[in-house]
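Remarks on the structure that follows.
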Amino acid sequence: MRVSLFVPCFVDQLTPKVGLATAKVLKKLGHDVEFRASQTCCGQPSFNSGQWDVAREAAIRALTVFRGAEVIVGPSGSCVAMMRNFYPELLKGTAHAEEAADLASRTFEFSEFLVKKLGVIDVGAKFAKKVTYHDGCHALRELRLKEEPRQLLRAVKGLELIESEEAETCCGFGGLFSAKFPMISTAMVQVKGGALARTGADFVVSADPSCLLQIGGWLSREGKPILPLHIAEVLASDA
Amino acid sequence: MSDAKSIFLKDATVNAADGDQRAFIRKALGGYYTNRDLQKARYRDWEMARDVASMAKWTAVNDLANVLEKFVGNFERNGGVVHWARDAAEARAIILKIAEDANAKAIVKSKCMTSEEIHLNDALEKAGYGVVESDLGEFIQQLRGEAPYHFVFPCMHVKREAISELFTKHLGTAPTDSPEELTMIARRHLRQLYIDADIGITGANFLIAETGQISITENEGNARLTAALPRIHIALSGIEKVVNYLDDLSVLLPMLATAGAGQPMTCYNTLYSGPRKKGECDGPEQFHLVLLDNARTRLLADPEQRDALHCIRCGACLNVCPIFKNIGGLAYGTTYQGPIGSVITPHLRGLKQWNHLSGASSLCGACTDACPVRIDLHHHLLHNRRNAAKESPTLFDRLFHNGFNFVIKRPWLFAAGGRIFRATLPFLQKLPLPYMRAWMKTRDLPKAPSQSFRDQWKNQNV
Amino acid sequence: MSDARSDIFARIREALKVKAPKPHLKGDANAGKSSVAAKPWLPEGGDDAEGSLLILAEQLAKLKAVLIRVPDRASASKALANLSLSKKWKKVAFHGHELLRPIAAGLSCETWEADASFDKQRLEGCDAGITTCESIVAQLGSILVSSATSGGRALSVLPHVHVVVAEAAQVVPDLGAALALARARHGEQLPSMLSFITGPSRTGDIERILVLGAHGPKELYLILIG
């Protein structure tokens, strides 16, 4: 299959290894992977801030960028939810409505793509560590992905998966929310991060790099001995 | 910044930093999850039950004029008196008039959020009536002189020591740390008050159009007593509480209990149709129902968010909300706290004043999943944000997002900007930049890589 | 100035000029038909009488209500007398019903037919209230009382103990059946109060810790005959 990568803007700039790992896994499974460099941001920050006219422009841009792509795969539940669920809402009643629905049907979150579209559970990865999984809210509740990433992780050789107490609790990121209401966002990550640290896992793994930014940022500041890691990085590992 | 917003920010900041209180609230709600899941598991298809419950409300709300008319006809046929109130002031005036005509002195109330909404107690007390809240949580909040913290669990934030002190101070009882004994103190204190009261005021959970009955849900038995012993019963209800059929309750009552409190059924679910009937030995001589609009029709006029009027006030969305759990119910400054409050308050009391509540959410969606009548809660927070941005845009937001858009529309500029951003990140973190400073206060950013993904990809694939 | 009623109706009609979309349903469109008699998505209420009784017993136990099953009226009378002795009741109020009169007559304490000469102060001084009921819902462990069949509104909630005496045939599988039965029995003349009682009165208002007997009865007994 010819896969067009959708790399979230902050992954592009701050955690490029997540994008590279995503490509590595897909290539290993025998797929052609392309990256269309005209892509930038999906427009979610503006959408969530109520600036729907601005977000609409970003959505229309994305339609153009990914025109003709067979499937689009992004290593971010949140950004994929933006394209899958919110582009159609943004472009409802416009000339782009149909194309938005079409894009939505071709766009997949990375773990979803592997399990639901390709039917792959064991990608042949090795990772001899204890990990706990964090459900990003968008992956969990907008895309309804719960078992897919766990199935992938359980198939990784040497990996021990530990569930945390607050697996489904929001980490408090919420995009600009984390900066507009930092006190609430921090209280939330204290609850989340505390529960993750108590698992005794070496890594907190998620399909949402934005949650990992928040969780990892707090864990680092607090000096907790558990590191953030994207699920693509785990699946790309062979050691 | 609106007054409501600045108070919110102040209170939320204080509460979010109070680790002990937050842990206390989390612990108090811990049992809720276990019980709710146990009860949900008894449903053969919970999701289907949610469909049916939401359609029962949808059908009534979208045909509100006809359903309400039918209800009122049947209610009056049963011997009740209906009063209409466009707003809070009218509702208060109606109730004061009933009390005056009846030459009443003492009033006992059972839990009714709508009465909080219209600030009824203040008005009654100012007019010289003795008013006592009979629901244990409301009674405690009345003694504390504080609004309910959670619209189902009004005093869940108060520790037993504080309740004991409160009772010692107001009721002269001996200190105790037993919730059981504290409950019995309130029970003993209120008993004679029910018997002596002239008027009992209750809310209503459902108005049943086909039979003209009102349905009241409660656990303690205080609403039962309030509607049994005084000679006048006044019920106060929003106009949206109406449903078409009595049989709708066979779904709504158990779901209300399970979603809201993890119970199979709330202890007392009571249907009233009129005052004491011929041949009945007790019950009030008069039964009044005050039907309140108070901007509910404004929400009704928004088809996108009309489903917020489906709300059965179960409290499930508060119980699962990480914002509620971390800032507490009082910080909202609203009658209805939590996600549903953040959705409807801008409609009831003004978007400009109250939109900050829609902003104060990570949009995690736990509320929407918990709602037994499928209100699209977290998406409505987005809708409120959009409406506010359109109605009263702030200059900062316009500049920030248009600036951002200018960059992301131009991939070359995005790449160049990214390069500068990464190179100067250690320096930027020290500057008092909006957003950045707030973030960096409690969290680290990852070390910026020297090359972006797009650069590495280009190099790899040359 | 127009009156509030017509103003509110005018606002409603104006507001509803624009239609709202249906909620995002998970199932099929039939879900909206609330007249569907069997509701196979709700908790089970039992397929037959025996099944319903099993579920009822389980639900009542979880609710901390006490179920006493007896074969006939004579043993119901004996069960109540035992209860009265063990609890040391001094005054008991009961609903003047042909099922209850002979049973109450077997009590050694003071008994009072509350609905014959209602007095709320006197009722408050009673240790227990004894009533019949409309029906019993197996699905949820709820007992449906009414102002017609339970001696008015207060008898089943003001005394510290509530005892319900009923025939096993009064057990219905679910809430829908109980509501339908009440309507069939009373027609247009519904009692002014119908109340589903699900366990003894309770509160969790203090630290979400369960306490029984908040304002209503602390104890609930169901004596089921047959």
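Things to note:
So that you can tell them apart, the chains are marked A, B and C in the order they are listed, and the count of residues begins at 1 in each.
In the analysis below, a residue touches a chain if its C-beta (ideal position, glycine included) is under 8 Å from a C-beta of that chain, and two chains touch if they have at least 3 such contacts.
If you're wondering where the values come from, they're calculated on a predicted model, not measured in any experiment.
Central chain (C-alpha centroid nearest the global protein C-alpha centroid): B.
Taking the mean of C-alpha positions as each chain's centre, the chain lying farthest from the centre of subunit A is C.
Chain pair with the highest count of contacting C-beta pairs: B-C. The mean-CA centres of subunit A and subunit C are about 51 angstrom from one another, to the nearest whole unit.
For this pair, subunit A with subunit B, the centres built from the Cα atoms lie 32 Å apart. Measuring from the averaged C-alpha position of subunit B to that of subunit C gives a distance of 28 Å.
Of all residues in subunit B, none touches two or more other chains.
Looking at the complex, you find that subunit B touches subunit C at residues 28-29, 31-32, 42-52, 54-56, 58-59, 61-65, 68-69, 78, 84-86, 90, 134-137, 140, 153-156, 158-160, 163, 179-180, 182-184, 186-187, 190-192, 195, 211, 213, 219-222, 224-225, 227-229, 239, 244-251, 253-254, 261, 263-277, 279-283, 287, 291, 293, 297-298, 300-301, 303-304, 306-307, 310, 373-374, 376. Contact residues on subunit A toward subunit B in their complex (touch as defined above): 7, 9, 11-17, 19-20, 23, 35, 37-41, 43, 45-52, 54, 57-58, 61, 137-138, 140-142, 168-170, 172-174, 176-191, 213-214, 216-218, 220-221.
Only residues 12-13, 16-17, 19, 22, 26, 322-323, 325-327, 359-366, 368-369, 382, 384-390, 397-398, 401-402, 404-405, 407-409, 411, 414, 418, 421-422, 434-436, 438-439, 441-446, 448-449, 451-454, 456-458, 461 of subunit B touch subunit A when the two sit together in their complex. Residues 3-5, 7-9, 11-16, 18-27, 31-32, 34-35, 39-44, 59, 62-63, 114-116, 118, 120-121, 124, 140-142, 147-148, 151-154, 157-158, 174-176, 179-180, 183, 189-209, 211, 213-217 of subunit C are the ones touching subunit B in the complex.
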